[in-house]
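Chain lettering (A, B, C and D) follows the sequence in which the chains are written, and residue indices restart at 1 in each chain.
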Amino acid sequence: MGLVNHVFSEDSLKKLYISNLGIGHTRYSTSGVSVLDNCQPFVVETLHGKIAVAHNGELTNAARLRRKLMRHGVGLSTSSDSELITQLLAFTPPLENDDTPDWVARIKNLMNETPTSYSLLMMHKDIIYAVRDPYGNRPLCIGRLVPVGDISGKGKTNAETEGWVVSSESCSFLSIGAEYYREVMPGEIVKISRYDVQTLDVVPRPAGDPSAFCIFEYVYFARPDSIFEGQMVYSVRRRCGQQLAIEAPVEADLVSTVPESATPAALGYAQKCGLPYIEVLCKNRYVGRTFIQPNMRLRQLGVAKKFGVLSDNFRGKRVVLIDDSIVRGNTISPIIKLLRESGAKEVHVRVASPPIRFPCYMGINIPTKEELIANKPEFHDLANYIGADSVVYLSVEGLVSSVQESIKAKQDNENNLKSNKFRAGKIGHCIACLVGKYPVELEW
Amino acid sequence: MGLVNHVFSEDSLKKLYISNLGIGHTRYSTSGVSVLDNCQPFVVETLHGKIAVAHNGELTNAARLRRKLMRHGVGLSTSSDSELITQLLAFTPPLENDDTPDWVARIKNLMNETPTSYSLLMMHKDIIYAVRDPYGNRPLCIGRLVPVGDISGKGKTNAETEGWVVSSESCSFLSIGAEYYREVMPGEIVKISRYDVQTLDVVPRPAGDPSAFCIFEYVYFARPDSIFEGQMVYSVRRRCGQQLAIEAPVEADLVSTVPESATPAALGYAQKCGLPYIEVLCKNRYVGRTFIQPNMRLRQLGVAKKFGVLSDNFRGKRVVLIDDSIVRGNTISPIIKLLRESGAKEVHVRVASPPIRFPCYMGINIPTKEELIANKPEFHDLANYIGADSVVYLSVEGLVSSVQESIKAKQDNENNLKSNKFRAGKIGHCIACLVGKYPVELEW
Amino acid sequence: MGLVNHVFSEDSLKKLYISNLGIGHTRYSTSGVSVLDNCQPFVVETLHGKIAVAHNGELTNAARLRRKLMRHGVGLSTSSDSELITQLLAFTPPLENDDTPDWVARIKNLMNETPTSYSLLMMHKDIIYAVRDPYGNRPLCIGRLVPVGDISGKGKTNAETEGWVVSSESCSFLSIGAEYYREVMPGEIVKISRYDVQTLDVVPRPAGDPSAFCIFEYVYFARPDSIFEGQMVYSVRRRCGQQLAIEAPVEADLVSTVPESATPAALGYAQKCGLPYIEVLCKNRYVGRTFIQPNMRLRQLGVAKKFGVLSDNFRGKRVVLIDDSIVRGNTISPIIKLLRESGAKEVHVRVASPPIRFPCYMGINIPTKEELIANKPEFHDLANYIGADSVVYLSVEGLVSSVQESIKAKQDNENNLKSNKFRAGKIGHCIACLVGKYPVELEW
Amino acid sequence: MGLVNHVFSEDSLKKLYISNLGIGHTRYSTSGVSVLDNCQPFVVETLHGKIAVAHNGELTNAARLRRKLMRHGVGLSTSSDSELITQLLAFTPPLENDDTPDWVARIKNLMNETPTSYSLLMMHKDIIYAVRDPYGNRPLCIGRLVPVGDISGKGKTNAETEGWVVSSESCSFLSIGAEYYREVMPGEIVKISRYDVQTLDVVPRPAGDPSAFCIFEYVYFARPDSIFEGQMVYSVRRRCGQQLAIEAPVEADLVSTVPESATPAALGYAQKCGLPYIEVLCKNRYVGRTFIQPNMRLRQLGVAKKFGVLSDNFRGKRVVLIDDSIVRGNTISPIIKLLRESGAKEVHVRVASPPIRFPCYMGINIPTKEELIANKPEFHDLANYIGADSVVYLSVEGLVSSVQESIKAKQDNENNLKSNKFRAGKIGHCIACLVGKYPVELEW
């Protein structure tokens, strides 16, 4: 439990160097409380030796699976979906030979029991299996370690690769000297051995269902230098900003950002509408953990503590402030107040994503429906409520087209490419939190 | 993991006060490495809610049970016997009604699968089940909380009792304001609710098998004020000393002890042979953890660091030194050396238990056969090896009679008492480590 | 010792709330090793009660002062300059009345003993004295706490102020709900009581000496939203970028920054030369402490771990990369390599400050002369050495004019203002690390 | 701050092995709160290099010395007497040559400024000075390191000694492989170099004053195997028990002890009056820190938690219970209650020291006068108050004669020995806490 930097000391890492493969995990658990028992990877011993499982996502039918396992006589020691996945993988399928486990059959059995959402790694002896659910809701991609100082690694054959790495986000590869190799496709079961990456099978979705990659990875979660579906997240965000400039222009003196996540959209907006991009806030690097707020004064200051104000840059000016999303609506208000008190003449807010209105059951922590600003009465007079001169969100269509435009262009280009067959069926994205339509039926 | 005092802070304990029952555990794990995963109580969720299990002992057929569970499709997350016990308790017996669990049937099923050794507590909702294996190898006893300042609690009815406590050793009761109530009998299944202690069943041993309580609890492990089988451990130890004085008298000036565990035997020996009891060593309370021994000098000092020498008490005298056991033989030598260098004229060692020669498979950490002094060539000339003028161990018969004498006397007296039926069959003690004969057949 | 967030828990802070004034300190000690003993504030008891001293800076004649104090019979318990300052303040000046300390006389005596560099706070009973050395080498400014939600606080009288705060950098005021009030002038002794801020004296510099505020506070150390000498640091940095565009233009496709410190200069450069500002790197927020580099591969990756590459933004383009300074020259090389490997056609480096060539003896940790890239042979072919297509530093004159331009303009405007008398004499800045000329003679 | 075992890890000790001399300190600070700043040794830099001072005791004129130092202009950073001693040692005496410090003159100057109480070590370069105040109030003795396995070390010349150690209590020597060499005499200044122990001077007491070694070291503080003034503490305690049997005999069945400190007195009492010595309590080794007492029940249990009761040993018997002292009177009551409730027929308390009635100003923490049971009205009916059948303390004369008997015998024998001259003047002991007469006049 805790931050990687606190949990892993140089000493504890040294113990791992005797080996040459491993899996780890760093997300918050979304179903199941954040307790030690729910830490991943989840390791159990089976008749065929230990298996270890790390997974990202949330099972839409977890409750039913729990009951099924317990009825079989399995006492469950945690509340995590990962234990369900692991115990399901420990079950012998009917036709399995007693001496050798048939992991593909077990994984397909798992996909049969639960359609989404999970991207997972399973380690058994010297093999790692990388699996993405048929809807592709959570990301998963493969990188390869290249000789240091050779980031591009282009033209290397597999034999020259120094090793393989798998990650939710490709941005992590550069930090460890690996290069992006490819995504794991929706429904794909990949077997990774020391020298080889091999597709064992691709489980299709029920006929007609489009894929359902989480659109909020583009909007908010992912790091801008990550690549999903062949495109850089930064580029999607800039396109959202450009689209927003088309949908909601405003007469002003400058365009700025709530640093740092909204910067690509702000630069896109500024470029599209021809206004100068000027910084109005800087991050307060002296503010770390915010949970110590020792007195009333500091609690009231709220978000203002997190920023410095560059007032000379905007005193007397009309500011367009781009934010990446407004979820609860209680962080943008003090920022606007801060800008006004520091001399901004007007503050127009433009949000580079549509309002969130519905809960997520597939692994993302979203506030309850009641907490979402878009479901509150104040939403009808939002500019007034947050103290802005105007406020406009990006449309759902604008977001979807910003995301899919380049994928579709590429898809048309790549009609003959081998990897394309994995994308068979309609390309889609999960926009359930925006419109309330979920990719699969929810079960309790 | 760690000492109770370090693990439980005042804050962490406060969280427990919302409830009025609980189980805990503090032993070293004997099978299974000492890792966090093996910490008890072991908690799993079953169809009928959570159960928690804490157990003391070691299953003699653990390996076979592991394989059986995994073949059924249960992935095991630890190497501990407690998980085996817990998963066996999670299994539905064939005739169980689907809506209400039959815990007695499940516990009897467990006893059927594994005969020894375990004393265990299982908690489910507001009930705690206390169970002792049919051989009674590990201790377990029940106490009752009395109003503070009323230690005796005699004549209280159940209704006046403030609560129930269960422990391996009765010595723990006084510290929390409870009084000794009774032992859990071998094979007994006790149900403890808020106001009531009730015997649900007593599972008998295979015909002819005597009970097999671990004799080393008397010799070494238990605290002197604990009560087993109706007798105070201190009294048994003193009788061992008296018996030793009969078996191995010696002409000397004084009798002394290796503090503190051998003191009851030393006082018994001194009284029986009429020599004065005089202290020759005092405990060095400034020596705590011994694992920091920063240089060669301190490592060589060894056990001498743990004691102060009261040389004025024995200079020029002949000393009989009573020890409770000599296992490896490497702690008594430096003590004898210390006494001689500080002026003892003669040092005669008398050991208040027989030599240990065989491993224990029922929960006690005993050095390997090769490490036991009784299996080494030097044992044939032990006095010389350890530097003593003479050394004699208590006989096996002497130990057994010191332990059983008072039980048998009491048994004769209590022929008509209700509790006696639980002791049906021959009274015996496990002396496997002394003679190599185990109470049940060992399985791997 | 340690980060503020680790050292101060909510509990430890609660103990401080019984009081309503205090001083603290968070810098690295520059002379004297980083040990607990050197932690500030330094507190000693004097005949007149306790005094506490926190100071920023480094005494240029510390060694002589140490000897002087020890010769008087004062045993010194640390190696810190702060203890010297505190013991000097504990000394009774010749004419002081025995019953009441004359702190102004004592502080002037301190200034007489040591000319620079120090900004310090001294607390005695319910008064805090804020003092800046006559050369004004280290910054110090005063803020006032305003009712929360009233950041501007304009027009408030002293009586309406909720309290006073003093800081090296004004950026810290916003985070605690205070507003910038004014700088402490070079040589000024300010007395701060609960309701009042009062100038007690201003000690002049030796005739002819200009003030000597550290120019690297503008270039590198300070946060961009801090205000020194009446101007925002961000504005100075942007002017440096503009000046750099004039001094060293280049034909290219885009201007970018090494995030985040060089961004103001990059935006200034881009605006002045009319090229688009486009991000090429993003900060890797997953990289925290860099001292765990468990294997050779990760050590070789070096600085690349700290950034993500936004390759789609510059593939095939000519990039002007603005950095705020190049000190040792070993962080810029891997960045350039990264950009080239990710597709940059050309990389032109422009540095928004002049090369550092000399050590600092006034409180700033600068690498040894030998480590400075500007003193190495490779400096003569720097572009080649770091792998850039070209590299140009800002001139010393360019830096000084970027810094002083607005101060001088303001000075001309404010000839009649009261505060101006504190600035009497020539305005100057310490540029010793750039040109080797120190504001006072150094002593050993 | 903290226990030695927690503070010194194997790693931190390794850093010390580069050197071959050092001083340390482990007592609670008696004047001055227990804070980090007051931790010893106290180290300051002087003109002649660093000196380090560790001291045991409390200065009877500390307040006057503090004012004197501060008037000279020394700011004091702690509230500890050790800083006063160290700063006094840092002062140059009038006739000292400027280049070489005259430490003997400085130490004699210290003794002149403050008569008692202190035993101290001062380290300067490769010399350690061991000093005991002229009254010899606090203990100090010297041991020598002998080759391991040669505890007696008799007949070794200095040249064969492996090193020297100094300690308050000789009991610590055995644990590190050293043997007792001799006491530092009252007023003696000893210089210890690598191979040599040399008396530099012995400062006499004012004419007529007897020495004043703290008698409570014998009664309570010291470990029984320590040697003071030529006698083993254990022997003194046994003599106190014997004396108590003479002063306060009782008709009973057995004599017992409150373990462990009263055991020597109990054995002495039992032997003198011819009653059997039988244990009635055992220490509860499961009770460590007592400050977590999570609920009312456990708080009320109080001292009972610390002991186990060996009720079979005394049921129906008349018990003489020996305690070493009764200070506040609130620990003996629950013990007596425990014994009665467990079956004791009578409980007679005999205390092997006289009642404490007065505060100590020389380094020992004694409860306030109001808290001392001997100053309370209940003292007149103490047996009733604590629930005993009778209670008798040892007389002051009985204690003094038990302590001095063997010293005086030895003194008569050693009239011609060299060491005797150090004991010139009357032998005495500080019994201020018993009778209210202090060895020196107290100053504030």
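The rule is short, and it goes like this: contacts are C-beta pairs under 8 Å (C-beta built on N, C-alpha and C of every residue); 3 or more make two chains touch, one makes a residue touch a chain.
Keep in mind the model is a prediction, meaning the values are calculated, not measured.
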Shared interface partners, meaning chains that touch subunit B and subunit C: A, D
From subunit D, the most remote chain by mean C-alpha position: A
Equivalent interface positions on subunit B and subunit D, same or different at half: same
Turn needed to bring subunit A onto subunit B - CA fit, degrees, nearest 5: 180
Subunit C-subunit D separation of Cα centroids, rounded to whole Å: 54
Inter-centroid spacing, subunit D versus subunit B (mean Cα positions, whole Å): 39
Chain centre separation (subunit A, subunit D; CA means) in Å: 66
Shared-contact residues (touching 2 or more other chains) in subunit C: none
Topology of the chain contact graph, where touching chains are joined (line, ring, star, complete, other): ring
Pairwise chain contacts, counting only pairs that touch as defined: A-B, A-C, B-D, C-D
Parts of subunit B lying in touch with subunit A, wherever the complex brings them together: 42-47, 51, 66-67, 70-77, 79, 86-87, 89-92
Subunit A partner contacts - residues on subunit C that touch it in the complex: 3, 5, 8-10, 13-14, 17, 145, 148-152, 171-172, 174-177, 223-225, 231-232, 234-235, 260, 263-264, 267, 271, 276-279, 282-289, 292, 294-295, 297-298, 300-301, 304-305, 307-313, 337-338, 341-342
